[in-house]
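Going in written order, the chains are labelled A, B, C and D, and every chain counts its residues from 1.
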């Protein structure tokens, strides 16, 4: 291993753990896959073997105890994130953590304090910021090409509902799905939400309603810089993963549309036909997952603050809680009500 | 004049009166421009002369008294609409009336009753329904191609703020500008709004705020069929008139984007460049203005009910009043509160 | 009639005569429809009546003899063009003439000499130059935005084959259909063809082959400025009228694509669907027909040289003859071989 | 190493050798990077080290002699391809070979005979066939969705001229650059060229002309199935790598456009701006390089014939020689003249 290579242990060998393990092992410059841990030891072993990770365990503490491991990527179940952050920070590991840190603001705060105290780097997994299109939109906004921001519009629709057992523990649509869009509003606008109003509906699957959640929503918010934002979500778009953003301002607008698997256009007598959007997040954000991990590695190696901070992990949860309360109480909710 | 040709008098020789006079005189099959009236007689004379209208007057009552005139197109100031409708109906003229009928629900009701009593045809000037793109969207929705409607999204932005003196008498953004989008929500979804929530902001011009209005807004609503709708408006988009709609449902989505003056694409080292949208409503909806008048003529001649009824003129005003109240009171407002 | 209004007689009341009569009567500023002539008197009467033309005749010479008529639009059969040009010039009428002037270079030259001698204005009906997209492409080329021209690419496909009786008298594909594209090459590049090579095929309809023509072709040419150009034509594209151009140069490229009746996009599970191109030339070039006539009127009134000159009518015929010879002899043909 | 994994040695550690080594080591299922050879030993060592290849040498014969190596990817200089194919075949290695096999038809034939005799698999590196868009176009053609093929149109432009020393040994534009497009014509049409006509020009760089080559060309050809094809090439498009194909037929058309790094669109007062195409072949065809190697591995493991055969390596060279002769002699050249 070359001097300076960051040795990263992946905690959690599920879907997203596999993505990060592969990135670290084969795509990210300056990184090495140091180990894989999962309470399902067989899953950990399979993933470790695929990418020749030297260490594998059924207990993530083994990775934290391993002096050769510099950093961990926390890809385990959400309810373990805040605890593992605290322990990893205490062990002096730099931390990449999937969103959300927790649904409980107290536990999030505790985790962020542990990180601060340990002086390790923490980056949250808001992968969409690293999508080439969204990053370009942010760049244009930041450089003044759209002027003062007036309206942010986001559409985010999944191609299929998650399993009901997932819905039940997901924290609800706003904390599970809209949370990414809340992050996008902050990222794109460079401002913070002050007030949120939510309309929700159960249109995709009545079982989601029986599980206490909604499957369709429109969220509106007012930002500190005066701009307005609107997000619409659906758990099911039959044409695939629909991920679009738009920032409108005094000097113009930037809009980012979906990516497709190919650019063919078929002209026939009955119409003009082209490809549906890339199916889901693994396809749409494949490059973004690599880019965010690359940036994490770069920041740790450079001693720089990662671009998605602990606070970036906290605020969208507050927004999600405000949106949830707005839905329940049928009124706009100010973020400072959420404490 | 061929038997069956509808002889139409145009009342009001301003911007939109000119549009309709030209359509009637040169574009609409089965119609003839029978006269022009405007309190500004010179304006009426100029327009009448341009399209060889046989009668011209400074008083619309002259057109109503003219037996040869079968129908009138009311293009005068908004505060004269309800009165002229009543008088035209009493005179047995079929009526095409620009939106809105009035800002006062009582006067609208009175006008609609006069129309009903006289048994004349009335069509409201919601021209966007006749835009080829929006009409196609409605057709796809109506034919089930997007399935059950889940979310309607509309963006509607003007290229430049109107004069402040206009803003002051316009009835406010929701009754002047959003009213078209309210109509679109009804048209596209085939359903009615039940509850409306509005966020507004003054971002384009502080003078608009001093005039008691907003210049930027996001309106969210819940429809009777369970669907949600969101509209965002701005008084000023520097890149031109931005008019887009989207209907998302259980079986897909239809989106309608802007039209451009041409389809050139310029590939240069510094980027790929193309044309901005058609500048404003006269350009974007040029064909729609002809089509709506053609349909009015067709319906009168066939004895059919015009596709944009008196009720279609009433409901968007109620929606605008609900949106206005929501903005003032900072809460969602049910339409049945507006009476 | 206002002083200065150009009184235009339309000769030929067929498809294209109707287009120009309507433009002159209702769309073109500063023009008036002074009369209609057609050897089919009923057709002339019908058209004259529709647009209230004061004079109608079965003989175009009546229009030429009418002192009140300032100009004629020659829309009759191709084999009458050169003769009517000569007579109209002798009568002192300004002339708008549909392409081509003739298939015989001698008769074209004679007609152009008659025009020169009479000192009247002549504009050829190469309507595509007035298409907003193609005009924009030319503007970008002329202003240097694509740099030195390297390659011109044109695709031009009709939605359906013409009747066989038309094919037989059309002069062949290169003089009937490609002639428009030859004009586009000259217009877009600002240069002249020196050498042309043609490949042709009979793929659409064997009857076209039996009539001695081809229905599919690729024409390649070398221009005086060193650039290359390629045109591909087909008599039948099932998805509609396909009219695209592209100019590639040292500083970039401009491409112009088709126009569609609307801009809807339908996202469904089985693909993304949108509208086919506008069906045929009357739809695609509706605005261009008005614009070319407006420009003719403007030039006559201003005493300016029309933008599509007699020479612009001559050269594409030479190109068509060269292309025809190339097809027959299976070799590249230089334009200076055609005399 | 798992049973059945294909152990591949990469011969040539230059630009394309690096691409294939990385694919084999990290992207291609069922493959392993068994070694790297390059006459520049340091380059071989560097590449082998990066992807942990167990064997490295300055002589490709060491890879051929290694019993553990099942297959080789020939990525060395073109003039070594045919020789290495012969030797690799004799050594019983399956062969993936970059295009072209050779510029000499005799040496190509010899190499293909060696492959046949040895009974090893051979796949040529026509990577574009594996581009998702082009593959989709082929799929639509093969399934009859465009009907009988009438016209194939290909535009292929590099973003920058290669170094002059490269131009001098490249075999000329037709054998170096157009050869890919010749392959595309065959792939997309499912037919063979019978006759080729070429126009070439020196418009990008006069030095290319002094080196005896052209830098801009339009190639036209007639195919055995009666269809026509046209290719236009340029050595330099300032807006990036321009790679588009179009197949037009009796039932429609399929067109494939460029890919961009992102899908943002920036609407400003001065126009609408978006991203230029992906810069060059390494970006545009990144996925295609992986896909072609995956298919090679799959075919070898399944005992199947690779989809790009030795004959697919031979025919485009014949086409390139015909195009070259056509350019020199200024006439269409039949492929059966090239022997």
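By our rule, a residue touches a chain if its C-beta (ideal position, glycine included) is under 8 Å from a C-beta of that chain, and two chains touch if they have at least 3 such contacts.
Please read all numbers here as calculations on a predicted model, not as lab measurements.
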item: Repeated interface matching B-D, over half of the contact pairs identical, chosen among A-D, A-C or C-D; value: A-C
item: Chain pair with more C-beta contacts, B-C versus A-B; value: A-B
item: Cα-centroid distance, chain A relative to chain B, in whole angstrom; value: 42
item: Separation of chain B from chain C, taking each centre as the mean of its C-alpha atoms, in whole Å; value: 39
item: Interface hub residues of chain D, defined as touching at least two other chains; value: 237-239, 242, 251-253, 267-269, 275
item: Touch list for chain D against partner chain A, complex; value: 25-27, 131-133, 135-137, 140, 145-146, 251-259, 261-269, 275
item: Contacting residues of chain D [partner chain B, same complex]; value: 237-239, 242, 267-269, 271-276
item: Contact footprint of chain B on chain A as seen in their complex; value: 147-148, 150-151, 153, 155, 157, 195, 197, 199, 201, 203-204, 216-218, 220-222, 226-230, 232, 234, 236-239, 242, 248, 250-253, 330-332
